[in-house]
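Several structures are given next for inspection.
Each of the next two complexes has chain A plus one other chain: chain B in the first, chain C in the second.
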Partner chain A sequence: MINRILLSGSGGQGVITMAILLAQAACLYEGHNAIQSQSYGPEARGGATRSDVIISDEPIYYPKVQHPNILVALTNEASAKYLKFIRPNGIFLFDSDLVQPSTKMDADYVGFPMYKPVMERFGKPQALNICVLGALLELTHVTSFDSIRQCLKARFRPAFHQANEDALHLGQDLAASWKGTHRLG
Partner chain B sequence: MINRILLSGSGGQGVITMAILLAQAACLYEGHNAIQSQSYGPEARGGATRSDVIISDEPIYYPKVQHPNILVALTNEASAKYLKFIRPNGIFLFDSDLVQPSTKMDADYVGFPMYKPVMERFGKPQALNICVLGALLELTHVTSFDSIRQCLKARFRPAFHQANEDALHLGQDLAASWKGTHRLG
Partner chain C sequence: MGESMFVQGNEACARGALYANLRFFAGYPITPSTEIAESLAELLPTVGGKFVQMEDEISSMCAICGASLAGLKVMTATSGPGFSLKQEAIGYAVMAEIPCVIVDAQRGGPSTGLPTEVSQGDVMQARWGAHGDHSIIALTASSVQDVFEITVEAFNMAETLRTPVVLLLDAEICHMRERLTIPDPGELHVVERLYTEVKPGVAYHPYLPREDGRLPISNFGDGHRFNVTGLHHDIWGFPTQNPDSIEYLNRHLYDKIENRTNSLARWKEYYLDDADIVLISYGSAARSALQHVFDRRLRGERLGLLELQTIWPFPADLVRKKTAHARRVIVAEMNMGQLCSQVKTAVEHPERVFLANRIDGRLITPENIARCIRLIDGRGF
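The block that comes next holds the complex of A and B.
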């Protein structure tokens, strides 16, 4: 079992933090190997962010994700750039407040509003990445919620613990109540 | 010109943050390509942290650092594990409050106390990584101080800006006034 996860968006959306949390949860609390990386090239100068996570029980020799089975995009630019690389039957999770996918691929397109619910709940967008992470876990079970919770508690100061927990739950609930049809691609 | 940087220590010392700051500074403000990665395997379960940064003007095909020309270690465990991989004439920066290198390699050993000066100045160890980063920049010039300052300001809330600036200066001053002899290895 190997999960190749590509998380993409723009700088400041917390994409790298999501990636580090997933890799740490998989390794520290679930006994898998994980590697997490980000590249900075010309696209980063335009504000785009991409972070790769591979989770496997085998040794991981090449840490970049070329063809993800799980793709997350939080901007239209990221969606346009990476959706074409998704594996057949992959899961493409996007925030439909921020992204309108145009490319049709052989994948499950799972999109629902997350940005606005986060703004309504918290009054600021900083928790969006944790909300997206909650949705991702609900949809894919790449790690357990409890493993992520432990990483969140180790990483953030106590003042943020309740907001993180709320954001994780919000994403979980939004994904669980999503009524879209899979396989729109 | 290619810099292969390996930063190592234990979880919570801010090693990954140092790595991300270096990669972002090199790319966003200095026009280089950079890649930054961390692996999570059995050693991470023991609390060890390692993060790799490659900075180059050429495309970077393999993102892991096997033989660093710049190695930083903030624990004895990290020093014992990675020092043997340093390139000939590489720079090995360590905090002599925390690390007593035992291996002799063909490299410049640059060690001086940073942990205690950070504790005396700030009363807590959270700024150690930024202090080490200041020392690293003073010794190697892999990026400019100004590029790192811009990344620090983008990454941290304003309440932390002055402490980050002070920690960066502290590391710079400690490295500039270091009177050890290079080539102890």
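The block that comes next holds the complex of A and C.
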């Protein structure tokens, strides 16, 4: 089993946090080897951000994802940059309000609004990454929801636990209803 | 084995330092080293240690020199621009034989360069950043677990030889996250400071080595009067112009490290037994080199990797021995060949040594190394 996951967007969207949670869940709670790395510019906010996660039962040497089987893009720029590298039969998850994929690849294009439902539900965009994570887990089962919940509880103060739980559920529900009308693979 | 966590190389460095009984850290934040300071700001007070954010890198280096002389195990962490600023006081620590650990989280240079991107451009600065003839120890690591363990080694070497040790990490290793399992107490050997047996109030020679070359220390303020200076000094620590004393000190500072090159060497090796192409690498580049070796072994090609964890003093005997039967030696590093030039001086056939490098702020890939080997073998780029 090897999952090569590339999460991309712009600085401040929580792309790196999402990657850390995924890799940590796989490593500490599910016993896999996992590595997480990232690339970003010198800006505090904005600028292109990517984070790479590899989850495997074999040792992981080269830590970067060149050809993801799971790609998340939260900006058009990120989609334009990385979609062309996706592996055949990969899953491409994007927010259909923010991203219009231009390249046609041999992959499942899973797009639905996530930013808008997050704003409607929470009134602020901070939980977007956790919502995306919920959708990603529902689609790919890279880790279990329970492992992610343990990581969320360890990482965030109790004041955020309910909002994280709600955002995770929101993403799960959005992906589940997408699956109701589309077929994967 | 103890607790497992999923952390950055920087946090592994902080935790390794604590395992080695670090009790004083002074630093000034700079990417990609900042999380070392952040972690220690949180962790050091829990063990009764002191964390000080200083006004700059120069004062940070000076502060750890003072704290070390006062009896604490010390460390500072920085990146290229700050490493440049620290050089004068690193030279002072070499001269005054002050045990200390300096982390340089390498990023793209020269100057402020690429704050968030990787490079290995400080290899020669680690060796020769301070002026004057001297020797120094510099160590590297290629995984989060290795960062922890090599940090403990850095403290052990600093204490044993009373010398600054440079922990030459890089942006990739510092920022990547992997599993870290904290060894139980006692699982890794920790060298504690060697104190003088001379009674307080009695004449003490701070720079008179024992027969084994080690210098027993007395904490500044603990009852022995002695002088500490960056000038050439005698066994009391007082400045001297005596040619015998000057030559003795120069040779002592050089020999105490260079004569131990073999015992200070730390390395890892993969598939070297029958390798006809030997890759030599270190730090994050070694991960790409190992990936390439692993991939090519699956195809039956005889590649091997020598990962150098000690790069200074340069383990020339080791490199010569491990590459003796190689048709090609490829040094994979993210600079213009700083370690490659050392490898060439160490081996029987320097004409068989080639550089596979990448200097655009990105981690060298296994493909970069593959292309280099292809070109060398006359099969085009």
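We take it that the second predicted complex is superposed on the first by the 171 of 185 C-alpha atoms of A that agree within 3 Å, B and C clash if a C-alpha of one lies under 4 Å from a C-alpha of the other, contacts with A are read in each partner's own complex, and residues count from 1 in each chain.
Throughout what follows, a residue touches a chain if its C-beta (ideal position, glycine included) is under 8 Å from a C-beta of that chain, and two chains touch if they have at least 3 such contacts.
Predicted model, so just to flag it, every value in this text is computed and none were measured.
Engineer: For the three-chain model obtained by superposing on chain A, do chain B and chain C clash or fit?
Structural biologist: Superposition result for chain B and chain C: clash.
Engineer: Who does A:45 touch here: chain B (first), chain C (second), both, or neither?
Structural biologist: The answer is first: A:45 touches chain B but not chain C.
Engineer: Could you figure out whether chain B or chain C reaches more residues of chain A?
Structural biologist: Chain A has more residues touched by B than by the other partner.
Engineer: In the overlaid three-chain picture, which partner chain does A:64 touch, first (chain B) or second (chain C), both, or neither?
Structural biologist: both
Engineer: Choose the clashing stretch of chain C with respect to chain B from the list 127-135, 163-171 or 199-207.
Structural biologist: That would be 163-171, the only stretch with clashing C-alpha atoms.
Engineer: So which positions on chain A get touched by both chain B and chain C?
Structural biologist: Residues 20, 23-24, 27-28, 33-41, 62-64, which sit in both footprints.
Engineer: What residues of chain C sit close enough to touch chain A in their complex?
Structural biologist: Those residues of chain C that touch chain A are 4-6, 31, 115-117, 172, 175-179, 284, 287-288, 290-291, 294, 363, 365-366.
Engineer: Give every residue of chain B touching chain A within the complex, in rising order.
Structural biologist: Its residues touching chain A are 11-12, 16, 20, 23-24, 26-28, 31, 33-41, 44-45, 59-60, 62-64, 154.
Engineer: What does chain A use to touch chain C in their complex?
Structural biologist: Residue list for chain A touching chain C: 20, 23-24, 27-28, 33-42, 61-64, 66.
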